[in-house]
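Structures follow.
First chain A sits with chain B, and in the next complex the same chain sits with chain C.
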Partner chain A sequence: MSRRYDSRTTIFSPEGRLYQVEYAMEAISNAGASMGMLAKDGVVLVAEKKITSKLLDSKAVGVRKEKMYKLDDHIACSVAGITADANILINICRLAAQRYYFAYQEPIPVEQLVQSVCDTKQGYTQFGGQRPFGVSILYAGWDEHYGFQLYQSDPSGNYGGWKAAAIGAGHAAATNLLKTDYKDDITLAEAVPLLVRVLSKAMDTSLAVDKVEIATLSKDPATGKVIYKQYEAPEITPLIEAANADKAAAASS
Partner chain B sequence: MSIFEYNGSAIVAMAGKNCVAVASDLRFGVQLQTITTDCPKVYPIHEKLYLGLSGLKTDAQTLHEKLVFRHNLYKLREERNMKPTTFGHLVSAVLYERRFGPYFCSPVIAGLEDDGTPYLCGMDSIGAMETAKDFMVAGTAPESLYGMCESMWKPDMDADTLFETVAQCLLSGVDRDALAGWGAVVHLITPDKVVSRTLKGRMD
Partner chain C sequence: MDYLMGIKGPDFVMVCSDTQAAHSVISIKHDEDKIVPLDSHKMFGIAGEAGDRVNFSEFVIANVKLYALRNSTELSTSSVAHFTRGELAKALRSSPYHCNLLLAGYDEKVGPSLYWMDYLATLNKINTGGTGYGAMFVLSLFDKLWHPNLTEAEAVDMMEQGIAEVKRRLVVAPPHYIIKIIDKNGIRTVKTV
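Up next, the complex of A and B:
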């Protein structure tokens, strides 16, 4: 009987659920995994690419990365879900950040950016008759008010600040692993290999260089500027080899 | 007094051999009252591209902020800086959008293309663009500046000669203008670095 209600996206079901939002979250749990971890001196984002093919032009601008995107000089994100929906939201984020900078001549505080995008996402669950965005996003950023931060948002427009978070396929398993492995005063140098290991354990297949994206947000000790770094293949390889070896050792013991 | 002469400014840009220099005066005034003497009119867009904006200061500030907005988005999408020619056309388009309520500014754009060739262009307040191989001037003392540049400019000057030439042209050009002067800042752009120098001229 409640089937009659979920043909309209912005309507409650008799049990008080928003089915379209829940279906969107279902779509995301089948998409490529994304994880993030907050460290004392930075934030690391790790993601599994779903689209891998020899025919992909790895040098084409704007499509070289499937999961990680820079939103402003001090904020980056990793997405999970419908890539086309993600592109729209990423553009919205970038515009919001620039509009804030234009008005106030200072970089947008991370939470304000997350809030403004989430307000947009929420609008699609309440009016317009359009379906929600099928994307969850992990935001990694630094601002002078709260330092390094990690946020997660989902199709409902809800968001939270996290020390470590996982979205996409295997996120429940990954979250459990993160709960046990995370330490409050972890450094970026320790967090990167740890997060790669968690990714490999949560995935059923073993990691390969062209299936993983890794990015970190940190501060240059000399200039104090925030640096967004996307790892290239030579830096990714040793990390996934270590993670795969770890996983094999754990499986055989 | 015209709205373009409300604040007062003087900008000179010149091309040398694989280098450009762009300079402006430092006076900020309201009609005949000088308010501060530390106000440059040349803004960096990226390492190899500088934008000089003469005219009404409030419009110059807003225009600059708008163009930074556009350039930041461009950088995120294209993953590279904007080429000077592209930027010139962007400024022209942004100005023409306000054809019937314009920004009271005359921009001067100076930069180096990817291969090191100098790029200079200037436009009026509604975006009519002209590129130049030698120099570009703007502000409240254009006649004096044109005169100085026309006599001093030579092709293929090296970085140090170019700096001297631009500095002298600007400092002498503003002497007969009450609304521009009080020192100068010169940016010398070469393929590997930008050197910025602040000069003291006649402080009147």
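Up next, the complex of A and C:
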């Protein structure tokens, strides 16, 4: 019976649901996981890459970054869902950030960027007859109004500010783990290994260097500038080894 | 024939404008306030073509208010200055706004600032400046008198000297003026002359 209301994205079902939006969220639950955690002195994002193959050219730019993207000097994001859809949204985010800077000569406050992208996403659930974007995004940013922030948006155009969030495969399990493990005054140095451990626990397979992306947003104590850092293999390896060891120890005990 | 001058001190900004509204050679109104508030700590002094200056300043004020309501936070003086300049620039090559502006504001983190804008979308951050015929006589006088540790009383005295100079030397000098100030407590009228 619900089939009758599926083909049009922009109408309600009799029970008052938007099926296309729900199906989009289903698509994302099958995609590579992304998680974020807010610390006192920064934000960390980790993600599981789904596209791994010996044949991938590791020197080509697009390969290393499948999940994490810089939106402006002070904002980065991690995506989960249909990669091609995500690319469009990331471009929209970047445009929004630069348009704001052009008008005001100041960096866009993080929440305003999230709001403007979410307004776009909402449009695809209400008019135009086009399907929604099959992407959820975690935004990590810093601005002078609210300091470090972590936001999550989904295909409906809803967003929320979070202390820790997980999207993509295993997000329900990861969210549960985050609820127990997170503490309010955590530092970035503590948050990074913690989030990697949560990722490994929520994944079926054990982590490998070419399957994980890690990025942090923090401030340089000397200059006060916001730094976006994507971890390279030598930095990722010890973190995932520790997480895999933890997981093995927990499984055997 | 509008007279508009601004002075920035270490913890305040002062703007003086004449209060005459003229239509060709007739003075319609003697108490037209050309210094309009944007919010509690920012104001525009506006000079130029009668319709444009009111229309443009009201447009900017509405946008500033909308931003504050949408985002639960106020724009800084610097961002308002750049936004305003951007709007002047956008309209410049189709239907320009023929107005010159002084933007005066006080931000908690930055302190006082004074911006000068003209109808060609020029933007400058200044310590002293102004627009119109009157500015011609008064800019060099202010250059001589201004120093970084100006007090409010010294600034008022500077403004009054400027007004006196304009009345002495400008052929059709406006008769009445208003002086306003912004400091950490907000906008206040100092005096009318």
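Heads up, the rule we're going with is that the second predicted complex is superposed on the first by the 251 of 253 C-alpha atoms of A that agree within 3 Å, B and C clash if a C-alpha of one lies under 4 Å from a C-alpha of the other, contacts with A are read in each partner's own complex, and residues count from 1 in each chain.
The rule we apply is simple: contacts are C-beta pairs under 8 Å (C-beta built on N, C-alpha and C of every residue); 3 or more make two chains touch, one makes a residue touch a chain.
Here the structure is a predicted model, which means the values were calculated and not measured.
*Asks:* Just checking: does A:R94 make contact with chain B only, chain C only, both, or neither of them? Give me first, second, both or neither.
*Replies:* First partner only.
*Asks:* Looking at A:F102 after the superposition, I want to know if it touches chain B, chain C, both of them or none. Which is it: first, second, both, neither?
*Replies:* A:F102: touches chain B and chain C.
*Asks:* Where does A:Q112 make contact in the superposed view: on chain B (first), on chain C (second), on both, or on neither?
*Replies:* Only chain C is touched by A:Q112; chain B is not.
*Asks:* Given the touch rule stated above, what does A:H145 touch, chain B (first), chain C (second), both, or neither?
*Replies:* After superposing on A, A:H145 lies in contact with chain C but is clear of chain B.
*Asks:* Classify the contacts of A:R131 with the two partner chains as first (chain B alone), second (chain C alone), both, or neither.
*Replies:* In the superposition, A:R131 contacts neither chain B nor chain C.
*Asks:* Of all the chain A residues, which ones make contact with chain B and with chain C?
*Replies:* Common interface on chain A, chain B vs chain C: 102, 105.
*Asks:* If you look only at chain B, which of its residues touch chain A in the complex?
*Replies:* Within the complex, chain B contacts chain A at residues 65-66, 68-69, 72-73, 76-80.
*Asks:* Enumerate the contact residues on chain A facing chain B in the complex.
*Replies:* Touching chain B from chain A are residues 61-62, 70-72, 94-95, 98-99, 101-102, 105.
*Asks:* Give the list of chain A residues in touch with chain C in this complex.
*Replies:* Interface residues on chain A, with respect to chain C: 102-106, 109, 111-112, 145.
*Asks:* Which residues of chain C touch chain A once you look at their complex with the stated criterion?
*Replies:* Listed in rising order, the residues are 71, 73, 75-76, 78-79, 82-83, 86.
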